[in-house]
């Protein structure tokens, strides 16, 4: 068993940045690698940008690709950053991969903002993926959810079960 | 068994703020409660400021008080924020409390700074304290340490084992 | 002559915030009043939100209202926050108001972002409006521009003349 | 007459950073150059670190060196960052340099903090030094002070006259 943590980024709010040239906000290069370095994270990990999409735009094909990446990884600890709107949907398609702990997280406010939950959530998910037994989990709002019962309460701005 | 998480703050770098009137940096009121609220943390928790000291100034009596608070708590999940210089020493005095998961964390840069590891570390420790089996742990630098072998590498600015 | 500074906010990038419920960025309540308080600004000033629009959406009527507010103000120092795309256009419609120093500023990155030019630019414009002789000025990128010759270099992400 | 702005940094709170290895806060390399670049400042300027001291530690000799630098500069616009405790004292020793506008500024909270007045104050001073007639000024709290009457109200955390 490897202690390596494979971190796959797929886009979502967490990676949104503001482009003046377009006067709009778009999914940019992932903020996760910089964040781990700035926080002096010393666990064995690797960051791979799988996708760069708002989660409302993810297709069935995209989800197959995410699952394939998780299956193909030699790591037993897999952290996936994902848009919050369809995070639970993706989590439900990741079941049944033997021996692997898979944790999905994201942010309700972009990491580029002064007041963002991105850094806290990535920290939270990074411990969850190391400490939890094999299975698939959604880690949001300081809680660890079972994808079978979790959902985003959009009006409340939080995940509930 | 309660799912409540008792968070005890003891001071340390994480809570240091700059006082212009003194032209110096001192341990202030804990930043942890605000941080949890700003990150919209929804797990059942309670924050208590036990002490407000640089960890180099903690006495044997202070450590007895920290242990007492952990023993007296009705919670089975206890998160302690602590200065990094003697975090391991305190952790070693918390062994043998049946059925409780106790996690210590802190920061190398104050939470009041633009570039601080405080938010990431609190997020990390909050998942660790929920997911780990009973025992005492030091959660720093994105890793979960056994206090028996952990130490702060001051020159390297990180915890190692 | 009054030393009061009248600050009129009209919207623009400087006041854009991210709305998770819409997965988009919109002009919100002005950030300027909070910013002045947090920076402990002691000059006599008053903040009024005139409009709350992206500057590409400003109409001729809006510009008439901005001019009217400047004329009606009893203050001789008027600071206007404005979207950058049509800031120069608005500035050119503010000429010929006797005895008043009018300074327009804004930001290329929202004040809500970690890396924003908003705070710097507001500070810059606040000194410009106190120190410059009567007239209309665009204050951006650490420079004071004459609206007659200024323009936004969108590709370069800065104002030039 | 040159439009160059010579920026001399002398230390003070604005440049204080936290050193974990010492568990204390010290004056570090100046934050001003990075700040100007991040805010995309386009005016012609040059940043020179003259000193790196808490202003309570400045000697008469240090002040002679600051004055000499201002006299020797070919620029007619000189911005000096300085600790707040003795900023007025230094300003009073800079009088009588013909044809030059000299502005002193600083911060009550280090630029390294999340909530700092550094960025705002540097922006403010940068406009003041371009727009004011020759003379010596203290630019703090969004106000432009005459050094003859200005003083720091330490308890109030602001400059007054």
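As written, the chains take the letters A, B, C and D, and residue 1 is the first residue of each chain.
Here is the rule we go by: a contact is a pair of C-beta atoms (placed from the backbone, for glycine too) under 8 Å apart; a residue touches a chain by one contact, two chains touch by 3 or more.
Because the structure is a prediction, the values reported are computed rather than measured.
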item: Any chain that touches chain D and chain C; value: none
item: Gap in Å, rounded to a whole number, between the CA centres of chain D and chain A; value: 44
item: For chain A paired with chain B, centre-to-centre distance based on mean C-alpha positions, whole Å; value: 25
item: Whole-Å gap between the CA centroids of chain B and chain D; value: 38
item: Interface hub residues of chain C, defined as touching at least two other chains; value: 108, 114-115, 157
item: Arrangement of touching chains [line / ring / star / complete / other]; value: ring
item: Touching pairs among all chains present in the structure; value: A-B, A-C, B-D, C-D
item: Residue numbers on chain C that touch chain D, as the complex places them; value: 35-36, 38-43, 45, 108, 115, 117, 119-128, 130-132, 139, 141-144, 157-160
item: Partner chain D, residues of chain B touching it in the complex; value: 13, 16, 18, 20-21, 23-25, 54, 56, 84-85, 108-110, 112-115, 154-155, 157
